[in-house]
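Two complexes follow with chain A in common, the first pairing it with chain B and the second with chain C.
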Partner chain A sequence: MHRYQTPSADDTAYIDSVVDRVEESLDDSLLPVDIFNDDRIFAAEMQRIFTKTWVFLGHESEIPNKGDFVMRRIGTDRVILSRDSKGIIRVLNNHCRHRGTEVCHEDRGNTAVFKCPYHGWAYKNDGDWAGAPQMNDAYGEKLDPREWGLLRAPKVESLFGFIFASLSEDVPPLREYLGDAVWAFEAVVNLHPDGMEVLAQPEVFTVKADWKNGAENFAGDAYHVGTTHYSNTLSGFIPGLNNVSVVAHGYDFGNGNSFIGHSIADLIAPQFTMWGYPPEVRDLFDLDRLDDVQREMIENRPPTIGTFFPNFSYLRFPQPANPGEMPIPFTNIRVWQPVAPGVMELWTWEFEYKVAPQAYKDKAYLAGQYGFGSGGVFEQDDTVVWEGIAKAGRSAWAREAGMRLHFRQKRTGPDPEWQGPGKYYPSIYGEYLQEAFYRRWVDAMRSHNQTMKAETKAADLAVREAAVVAAAAAAVEDEGILTEGAQA
Partner chain B sequence: MSISIALDTSKCQAYGLCMGISPDVFDVPSGSSIAVLLRDSADEDEREDLEEAARSCPAQAIVLTTTGA
Partner chain C sequence: MSTTTVNTTAGNTAATVTDTGALTQEQIRHLAEDFLAREAKLLDERRFDEWLTMIDDEIVYEVPIRSARLSFEDEVSGGGYRIRDDKPLLALRVARLDSGQAWAEVAPSRTLRVVGSVIVERGESADVVNVESALLLYRQRGHDELGDVIPVRRQDQLRLTADGPRLLRRTALLTTAILQTPNLGVFV
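The block that comes next holds the complex of A and B.
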């Protein structure tokens, strides 16, 4: 059903030209629509972005015990996120080293050994090769466990319990990669030393939309809420959605990492500071962990929605768990998981602070699912409009006409008085954060070329050095001398 | 209390992981297509290794039973 191609050499020139065109368009606050739902762009994104950057895979609370594992994805690859028998978190490629078929076919579980269903090669839960049927007769001796183990993601790190991995060795440490965004993330998910936990298994469902549209929306789009989600106000579920963007702000932490903030107390009622957490939860928080700016931020304009490039997003907003009830904040984490051009899996987890009372967790779970579960009243609104963009991306007419999308809202600029890291935009109008997301996309699609160039350059240099050495050797033979230059 | 050890020969495929973990109990003789038990009971102090062997067996062929005093 889903098509997938790897790019050919010809495609490289095409993709590079598209990336140039995107950057030129962004300079004009426009975005070519044909970067969505495109076979060649998709294949290049898998190679240039998803094998090169940190991506979110899950939370430590999903694999608390030795031997626990869950299946996740990096790009289009299924990977095993495992806590090995020593307690170390591993990210393993799910393809057998013998003939390549998929080793694990369970969504989650606990095991000491993963066994391939084809010939039975077996792997320990740290990925090392463990054995094969009829070991002695078939192989004579044990194979090298690491050489023939499952491919392992070279980088795995956890931030406040949130696990990220990179398939590239060549990435900065996670905190450095996320940069100033860690400052805001800390104020969101680290308000208690015990941290947060996943309340249930993630929901996973297929949406016929480009992954970038979800990521872009959560990066900074507070403007759509009054229209896309207006039915929630019409039905009386959440009053005042028609003008919610007026109380929205933007936090830009660079590199495509950003948050929307809302003055929720101005929107709902004065007691709705700090996302509207009720006293029985709020009183548990240890706010001494935060600096003054973080404290002021979460009190008055807490980060409510955000994206870390490429495809990790966050959402915390007060909503009723049932129609007519007092809104309470829920925390929803999501991944816009590309699976094919114009198709993503939407992964969503409901989280809560571990220390919160169970009754609150149950309610927060309901509130989150009511709005943003796979059948959630907000989720359905969003996914419908994003599916429309994927159709535009594939439209021959749109391509022929060179259709570009409008990112030209009025800009009043960042707050010069802002004391925190990054930039703070008092008004969300301006589409700064969405533009920043696509500029990061341009950089990521380009940095691949820089790596390629560096490799080519290194290879070139090696060839030239070899030539110098050869020439020097010839000179020695011919003239019996060795110059200083040739020695070097 | 002692532990009774059994090998389900309809499942065993001679991976030999058991032999690596509990060489006093399991062996895979040259030319054999299944493991063999060197003995069929063990003391409590061997439980940890035996359970590890049973858990690690890719064929899930090792059956441990706790027997009375």
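The block that comes next holds the complex of A and C.
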């Protein structure tokens, strides 16, 4: 398994040269293959991207009650996503501040306190230090709860119930970070005031491919469907998959955030507007929430697939829950979770509108899981086509030859009449969105260039720590909760 | 090594019995173990169409999502599943594999299924037997140099029919919470 290392000066020069080479290649609509499996690039991605930008962790419906928590990842770290006893959502580092032992050992649960199994340091579910055994003899007095609390992600925000966190304070607010993509995401997941909810816990599986391949694919690759997934036409399940990309469109919202749209009604049947939601669900939607362009968009070419940089994607497409039945849309959310160079965990969740009838939710879950996830008749094949890319990324021959990948599909340009935010490409061909994803990657790898000397970093950290401690001291601490937490 | 046809219905005298009341516990055990061994061989040899004939038309074939929890009872409490198929959905998976373009299994995995720790009990009705077993599935994918081990505990129900036992229900509880093989392109 990958071991995280802070890059040396030599490493930094190497990483920067690779990033430069990626940008030069993109100017030529090419991409060096070695970024998909490289120890130093991977380490730099963890440091420059995953500790510096907003990443998706989960949905509010996964932790509806005070004390609920789920275990998630940011980069290679396992983190606790917790709803504390006051109802505030927290993202906590899972390591005890005393010796570093992991304090949470479950994928989900409900607790008032996380207790370290080593010496017994205890933490409230908001991360604050709550107590330790034989406190008076061992320490003489209570420790400062925030100074010695679990590390807490400084930024946690929720968008339509979807929770994102940043380990860096130096990020714009989530809505600003996602920019125009929020406009389109709203039209996908916010069609009813009660929003969407998870239908079950996520499934997780290890894929021998780089996280960027999944993110890139969902950012704009409608072209692969006719080849990668054609077995599902040959089996008699879904007709015409070889022609799906003909009715696919692209939405580019900038900053590596982009969606694919499909004219599903042209593909299946006229009533398949709005993803093909049947009347019992569609009639529940409150479309007055949307503007005219959003309404026209979801009516005729609804966003079906998309990526928020770096590793959050979604998928909503109609599929029969049983062979021969009418296709119904399911909503699948996923994270391309890096775990090592050329290796990721794929996390997938099925969602549905909270207000939808239970029978519909059950069917949508079945349809989604039959297509996607580790057993999915679509996703299985994605997992193997991406594996080859990771192997090419390690290839000595490919590196010696300077092998670069082809992003040169014919480009017919964006629609000049488009009234919505961002750019709309009537034809998905052109690989604009994939190129935009990698340009965002270049920016992220550059803007947090790791040239800071260790001393500077330490000094910076001390200043931040002091600010946090001061803020904690200023806040009036509830002694009752502290004691309660320590005893639990 | 022979890969000649294995008759999935003959080979045991109890095959045509449809009432467990007429059988001893030893006969029921023999019947269940024989079924699991023959099923494993058919799947290892990718004789999926023959395998489907061993599946009851009313099958529920389920692979629940398992989580890391402090209590065993809570491990599948999330209600999610990786796979939940009925007979038509299983048959569709087989048709997909037969298409030659199901890339997860092109080139196909070479597998070995070892089934053991079999526990056999009479079921709720006279024609149903509850069978629990442990499966170690070794899978060397066509894409890999090294193989994956997929450990599973299976809770099955077999329905006794005049044509032999049929798989009526399978809950395949994977040992792993995070699946280590890249997909479930093989039947567990």
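Just a few scattered comments:
Following the convention adopted for this analysis, the second predicted complex is superposed on the first by the 443 of 488 C-alpha atoms of A that agree within 3 Å, B and C clash if a C-alpha of one lies under 4 Å from a C-alpha of the other, contacts with A are read in each partner's own complex, and residues count from 1 in each chain.
In this section, a contact is a pair of C-beta atoms (placed from the backbone, for glycine too) under 8 Å apart; a residue touches a chain by one contact, two chains touch by 3 or more.
Model, not experiment: these values are computed from the prediction.
Once the complexes are laid over each other on chain A, chain B and chain C both fit without any clash.
Look at A:Thr412: by the touch rule set out above, it reaches neither chain B nor chain C. In the superposition on chain A, A:Ala112 makes contact with chain B only, while chain C stays out of contact range.
If you count the residues of chain A touched by chain B and by chain C, you find the higher number for C. In the overlay built on the shared chain, the residue A:Thr383 is in contact with chain C alone; chain B does not reach it.
After overlaying the two complexes on the shared chain, residue contacts for A:Asn136 are found with chain B alone; chain C is out of touch.
With both structures placed on the common chain, the touch criterion links A:Tyr370 to chain C but leaves chain B unconnected.
Here the smallest spacing between CA atoms of chain B and those of chain C, following superposition, is 15 Å. Comparing the two complexes, no residue of chain A contacts chain B in one case and chain C in the other.
On chain C, the positions that touch chain A within their shared complex are 63, 65, 67-70, 78-86, 88-89, 92-93, 95-96, 98-105, 143, 177-185.
Interface residues of chain B, counted against chain A in their complex, comprise 13-17, 28, 30-31, 33, 52, 55-59. Of all the residues in chain A, the ones that touch chain C in their complex are 71, 105-109, 199-208, 228, 230-232, 234-237, 322-324, 345, 350, 366, 369-370, 373-375, 377, 379-381, 383-385, 387.
Partner chain B is touched in their complex by these residues of chain A: 112-113, 115, 120, 122, 124, 130-137.
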